[in-house]
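Reviewing the structure listed below.
The first chain written gets the first letter, and so on, giving A, B, C, D and E; residue counts start at 1 in each chain.
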Amino acid sequence: MDLVVFVVASGMVLAGALGVVVYRHPVHAALSLVLTLFGVAVHFVSLEAHFLAAVQVIVYAGAIVVLFLFVIMLLGVDTAEDLRVERLPIQRPLAAVMGAGIVGLLVAAIISTRDTAPLAMGTGLDVPGGPIAEGTTAGHDANIRQLADNLFSDNVFVFELTSVLLIVAVAGTVILTRRERRGSQDGTTS
Amino acid sequence: MIDVVWLIPALPLLGFVLILLFGRRLGDPKAGYLATAMVGASFVVAAGVYFDLLSEPAEERSHVVTLFSWLPVGDLKVDMAFLADPLSITMCLFVTGIGALIHLYAVGYMHGDPKFSKFFLYLNLFAFSMLMLVLGENLLVTFLGWEGVGTCSYFLIAFWHARASAATAGKKAFVTNRVGDFGFMLAMFLAFQAVGSISYSVVNHAAEEGSLARSTATAIAALLFLGATGKSAQLPLYFWLPDAMEGPTPVSALIHAATMVTAGVFLMVRMNPVLTQSYDWVPTTIAWIGVITALFAATVAIAQNDIKKVLAYSTVSQLGYMFLAVGSGAYVAAIFHMITHAFFKALLFLGSGSVIHGMHDQQDMRYMGMLRKLMPVTAATFIVGWLAIAGVFPLSGFWSKDEILMFSAAKSPALYVVGLVVALLTAFYMTRQVILVFFGKARWEDQAEEHGAHGDFKPHESPWIMLTPLVVLAGLAAVGGIIQLPDVSWLPESITQKLEHWLEPVIEFGEADVGGTWWSQNKTILMLLASAAAVGGIIVAWLVYEKDRIKINEPTILANAWYYDKAVSDFMGGPGRESFDGAAWFDAHVVDGAVNGVGRGVREVATGMRRSQTGYVRNYAGIIGIGVVLLLVWFVLIRGIL
Amino acid sequence: MHEPAAGFPILTALILVPVFGALATAVASKRRPEIVKLIGLLASVFTGALSIWMLVQFKTDEAGFQFVSRHTWIEEWGISWHVGVDGISLLLVVLTGVLFPLAILGTDAHHDDKPYLAWLLLLEAGVMGSFLSLDLFLFFIFFEIVLVPMYFLIGGWGYDNRRYAALKFFLFTMFGSAFMLVAIVSTAFLARDHGVGRVTFDLVELAEHASFPATTGRWLFFGFAIAFAVKVPIFPLHTWLPDAHTQAPTAGSVILAGVMLKLGTYGLLRFGLYLFPEAARWSRPLFLTLAVIGITYGAIVATMQKDLKRLVAYSSIAHLGFIVLGIFAVTNQAITGSVLQMVNHGLSTGALFLLVGWIYERRHTRDIAQLNGIQSVAPMFAAGFMVVMLSSIGVPGLNGFVGEYLILIGSFLSARWWVVVAAAGVILAALYLLWAYQRVFHGEPDEDNKSFPEITFREGAVLLAFIAMIVFSGVYPKPLIDRVEPSVDLLLAHVEARTGEPVATPDVVADGERDHEEEGG
Amino acid sequence: MTLHLPQQAVEPFSGPDVNWFALSPMIILVSAALFLLVVGALTPRWPKGLYAFVAAGAAGAAGALSMALWDDVTDKGTSTLVGGALAFDTFALFVTITICIGVVLVSLTADDYLVREGLDGPEVYALFLVAATGGIVMGAANDLIVLFVGLETLSLAFYVLAASYRRKAGSSESGMKYFVLGGFSSAFFLYGIALVYGAVGSTNISTMVTTVSSTIPVERNDALVLAGVALLLVGLGFKIAAVPFHVWTPDVYQGAPTPVTAFMASVGKVAAFAALLRVFVVALPFYRDDWRPAIWALAVLSLVVGSFLAVVQTDVKRMLAYSSISHAGFVLVGVEAAAHRAGEEDSGLGVPSVLVYLLAYAVLVAGTFAVVALVARRGDGDTSLDSFRGLGAQRPLLALALTVFLVAQAGVPFTSGFIAKFGVIRAGVDEHSYALAIIAMVSSVVAAFLYLRIMVSAWMSDPPTEGQGATAVKIPLATGFAITAAVLFTLAVGIFPEWLLEAAETTTSFAR
Amino acid sequence: MIAEITPTPTWYLILAAFVFGIGAVGVLVRRNPLVIFMCIELMLNAVNLSFVALSVRIGDIGGQTAVFFVLVVAAAEVVVGLGIIVSILRRRPGATADDLAELKG
């Protein structure tokens, strides 16, 4: 069963990923991306990371891809791209070498270390219904609970820091979209 | 008096300084008199020192007077010191004596020249340098004078520097002399390394007692001789001297006949123990180079038309004689001939100067002739000089030349034969000159019309101030031989070999002992042979030039000095210059080219790399991607898995 | 050997007075150029006076460093402000002190007096600092800082091709010092493990206590040597010099030739021979050969130059070759001669550049072909040129001879065959200078040169000062030798002690068998 | 901040202790950013200079607080903050101070520029401050995730700032390029974190170090963690602009508004190098033999490519971009030196030398770009070499300041640049990295060429007779002040470097 | 038989590596800036998958927390990135990544 889920989800992920790269039309690419994101969410579920699966769907598929599609429509940049033509001569070989290199070497590293134990193990993941400390059983929200604990203890600073990141996003959009205060009189303009 | 031996060079130096400061104010002719007086005063001091020395026993006639420490560095201790001994005082006497006479002559000769005072400035500086040369207690003080006379010679040859040939001749003289100086310097270094000193006394002493190795002595002697060939215009470095005639005639008389050019001979005599200590090939080589130079120059002198050029080649030839003497171990004869030569050659030069003066700067003998009528004093004195140089009995040249021939015969009959031929040739070309200038037809009238310079061109006799030195010198040239009369039976012993006795402390180690040879016992025969050669030369020349009995063509090759000078010039101007140009090209294009090439290389490599910065963001991502792959290869493959 | 300097820190003053002078000129009013010039001149004269006062106070018979002043500067790095002077640097310091006022007096900036003088004074401070530093770090920063004023002097006040020349000068020298910096740091750190026990840049401490393994020492030495070889310059690293000299303003050329090139030779002595005796002696054949090549090659190339200034520049290469020869001959006479030659070359070539500069100001050309017959119209000028030229040729009685002679005779003891070639270079010196003189001064002047102005009073005064020094140190060099020699002796004793190999001396006691041994040279 | 429902909890939740004082520099910066954004958005336009003044003031206050905190660390020793997220050590404080100095200088120079170009507004300064916060977090991070988020904060602000001058085509282009490549490399960096996390078991640096050092070294396959290290190096290499991850630098430096370029070159570089040291020297000392050669290679490539390519440029900003690559190479020499002793008690001279270099460089580059911004004149268009012609004649003091900055960058003595270079070389030599030291010095000679080119333009060329260059540039007060301060700092450090070196010496003990 | 095989985290890691590689290649071959951006999102997703898989492998929740933050960062990045793209494309409609190549050399 797990295998089936894995194979199917992996198929979704890979197909979606390839789709992003090969679909000529940006909208199609965006939809392929959704496929991948769903596939990843499925993997999250099968890896017992339920909260992340949910967030993955909501944030990625729900917000980010929608944002993409929104921008495509807003700008009308939905012209198809002819992928048979490559103006930069060495680009494709470069991509091939890089892709093969990265995938090959990373896979080599992963496979060669598949039996190597990590230097340290964690305290264990709580899964719904699984055992937790002192013999009690975790509830249906065990994963969320553990995540929250971790988030607000060890990682509380990062959590707060993300708010600073959001300030950047806010201030950034303001700068990038506000109206020009003054027309340019000289200097180079586009 | 000996303690003030330093006054001998100091007085001309004072003259130099005074003229430098006040020369212009003194002007013509007072600056000249001042200069003459200074050299004259030097002569007086030198004479005083001479008598002081005479009053001492022979073996103590060597005094060192130290002024100050000059270059004291570690083991090298060079003092500014003078050596007053028979040799140096002899040199001083004739340098200052003849120098004073020539100074006096120059007052008249240079009269009216816009650079009159400058001329005496140089002349006094020259006298100072020459006296430093001869009085130096060590090789370096001599070298100071040696270079000093070279420099002054340069100044004076190029005195009329607006004339290109004069400027070139000056430069040529200086540079050629420098080639010789190269040898002098190395000899000095070698001496220092060998004996830790460059003082004559130390070096010569080491040679005398044999602590100076023969090989070292050989090298020193050979190198010193190289120096001497430069300064004394011997083959292969003689060629600057004929060109040096571009200078004013008193300069030719003083520097290029009487004094400076004999410095090489002096140096060899000074260092005679080292020469004696060296292997035999050195003196032999010196003798042969001397005699070959003598022959070579004598042949060339036959075909010269410039009145001074004849004398110049004659000088070279006579210097060759002196080196023949040095090489034969006849140091006394060398000095003797140096002195007599100074008398008669200075006389001849001054006489020629008088002629030139009277001919309004005409030097070509083909436009002279019959001048004895118009310039009787000049002609008379010149004839004395002629006879002296030709070796006619009993004039001074006869005695000195004869002595040299005797010693050379003792060394090798071949040398003697060549020497005798030279004597004949000398008589021949000098006779030719005298006839062309003072006898024959007056050819200057044609020339005057040709040039039209003066309405009524007429050679004239020179003023008394020029003639006085001529007369004095003529007297000396005539009787100069008495200072070293040979010890032959027909002369009373009390008047013979004065110079030899006087110089004995200096030369006793090196002087060749010919006493027992056939040659020395039959001096009278040799004298007759020499006289025959001289008279033969005169007669032949008389027949050729005065009587037109014999027609000879003066070969062009002789007129061009066997093309030796031309070959050297062609080499220097041709391959020599080309190789220098090549070096300059090498520097500009190869060495500097490499430097600029590196710059250009950086630029080109950078321009190439710049092309990778295409501006396409996807390309950039690719470059980063390649970087990623490379890092992964290193980390995962090389460090991780392998 | 370090007696604490009592009283007035004269050496620090020698460095700082020009700096303050530079600041003073920089803040002076632009509208009063004569005031600016006066300030600049006074500052340099005052520095010169200080240096002469130091010369007078200098204890002749003391070999070690005098007037030492030492303050910790950067303790973290073991760096201190350590200045001192000994016989080797003494004359160079005085030369620097004397040459600057003469150069300032003898030349004009023609434009922008203020920065010109400020740069010149900063340059003086840098040069002084280089000669006085007894700390490697301190030396390096002074050695390096002189590039900046010189760069601006060449680039700002030079001639047509000035930018190229300035750039080349700067980059070339900096290239050399790149190696030196690494070598300096390496020396300090390696010395910690080889005898010194701590990281210090103190020259004396390093030289006295550090004992590097041979290979290490040689590497370090070469790091230093590259920098100095560029600065000297030693063939084949010399091509910046003709350009820099030719394009620099007259004062720049005077200083460049007069003192800045000496930084290289001085460095070879102080930081080569003193610090790495073994390596220096080991590399002798290389440096002797390069020196001899420099002598002959510089002279040959000089002969064929068409530009008078360039000719003098190449002559510098030849002269500096003598100095290098003397240094690496490692004998008493040779090194003493080298030190003297540094001074003498500074005087004679400095004066030559001044004269060439004056010719340029009169005729606006340095092209030899366009100059002729000047002696006829300006005999005094020609006479001055002649004296300086003879000094450069090395005629005895003038200063050039003294150094050259001592170098040659000293080097002959240890490097015979090199000296033979070098002595041949002496012939060439006469050739190129006399030939140039003939072409420029002899002959009939043509129309352009007819109106060549005679030497002015100010120029004459400056030139007379040069000639006085030239003649004095040629005729009576003993006072100079007396001050130099003890330090040289000390240096050689150090070298002997370190290398265990005696310094060559003449075979004073001669015996019959000796000629075979001495062939080694 | 959150509710904790204790119904099933085994233990009551308790958040980590927070040493607020130690966090105060960051808090001040963020507060000031928020203040600018909120109040600035709600109020009418403030008088000229006030936004900048607030930003500079906040940065100044933050820097001053960091100095106040310095003694805390040196007295009480290092510690970690907020549950091990941040390190509280002198290294972090030094970085903080350096960044704050950079912010002060850039803010002061940005004001005039932004007003001139009509870009003035609180948002830019807010972004400066927030980015600075991100940089400080990078320097202080004790957790790779913290570091990543700090890095993203910094980067996102940079992307926006680079693209902020929308009227200028180059600005948008540079923002776009920076963003795409930044995102690309961030992904690698993140992947690296993931792999290291998977191999070591934690992203917390303290934990990582404890874990690895408590493991008995056995022969094991480290490929996964090494792959992670490689990818981390990609991300950080991109940030420090080390070749071959430098490709964005010239385009972005040239295209971005000049003060932003200054900001990126000063603050950005400092933060990136601080992060590099944190990640490699502090967190991964056990793999130092693996990554040191990679650093060596990056250093050499950066030195050579940076200085070579700088030589052939004609645009000053682009030149300075390449020169910054070359400088990065120089700093990497120090990092390489530090690598030799990473994790050891006596960590050698590398880390202090890097910090000194960064501080010196930050000030220099801020000053240099301030001059460039002035010379570029209206429209920020004229950054070609020719626009500097005649500067020496028209504005000698400005030209002199520029000269000081340039000779300092070239490493001429009596400037901070020399002290910095010397320190790095010294560190390298102490670890026997002679080859690297020599390559660095020689390439600095090549680089000197470009500084000389600018100086030639400024001093030795006649001013153009017509066009923009004919008019002398104006030197506004704030910029003038900033430039003066930078010059004084450069010379002061050059002549009296001791205090700085002393301070840097104390940064060698890291909080873990 | 086959169905009994349970995928280990290694499988996920390999999958993630492939997705990452595809994303990276996509950045290099696509010209539309939006699609390039999507490819970067692909890469981030691959990292997320790796994080979770590794979190499971070592039994540590930290990896999942990290994913949470990555999501936030990705969101912020998208905002900023799209902002930049919008500001460019509004001025130059239809511009591709290759059209933005004024700055080079």
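Here is the rule we use: a residue touches a chain if its C-beta (ideal position, glycine included) is under 8 Å from a C-beta of that chain, and two chains touch if they have at least 3 such contacts.
This structure is a prediction, so every number in the text was calculated from the model and none was measured.
Counting steps between touching chains, the shortest path from subunit C to subunit D takes 1. Most remote chain with respect to subunit C, judged by CA-atom centres, is A. A comparison of C-alpha centroids places C closest to the centre of the full protein. Ranked by the number of C-beta pairs in contact, the top chain pair here is A-E. Between subunit A and subunit D the centroid-to-centroid distance comes to 29 Å (mean Cα coordinates, whole Å). The centroid of the Cα atoms in subunit B and the matching centroid in subunit C are 37 Å apart.
Once the centre of each chain is set as its mean CA position, subunit A and subunit B turn out to be 100 Å apart. The set of subunit E residues touching two or more other chains comprises 13, 20, 23-24, 27-31, 36-37, 53, 57-58, 60, 62, 65, 69, 73, 76, 80, 83-85, 87, 91, 97-98, 100-105.
Contact with two or more other chains is made by residues 88, 91, 94-95, 98, 102, 105-106, 108-110, 112, 118, 120-122, 149, 154-155, 158, 162, 165, 168-169, 172, 176, 190 of subunit A. Of all residues in subunit C, none touches two or more other chains.
Contacts between chains, counted with the stated touch criterion, involve the pairs A-B, A-D, A-E, B-C, B-D, B-E, C-D, D-E.
Across the complex, subunit B meets subunit E through its residues 610, 613-618, 621-622, 625. On the side of subunit E, the complex with subunit A involves touching residues 2-15, 17-26, 28-32, 34-35, 37-39, 41-42, 45, 48-49, 52-53, 55-62, 64-65, 67-69, 71-76, 78-80, 82-87, 89-94, 96, 98.
In the complex of the two chains, the subunit E residues touching subunit B come out as 24, 27-31, 36, 97-98, 100-105. Of all residues in subunit A, only 88, 90-91, 94-95, 97-98, 101-102, 105-106, 108-109, 112 touch subunit B in the complex they form.
Listed in rising order, the residues of subunit A touching subunit E in the complex are 1-4, 6, 10, 13-14, 17-18, 20-21, 26, 29-30, 33, 36-37, 40, 43-44, 46-49, 51-52, 55-56, 59-60, 63-64, 67-68, 71-72, 74-77, 79, 81, 83, 86-88, 91-92, 94-96, 98-100, 102-103, 106-107, 110-111, 114, 118, 120-126, 143, 146-147, 149-151, 154-155, 158-159, 162, 165-166, 168-169, 172-173, 176-177, 190.
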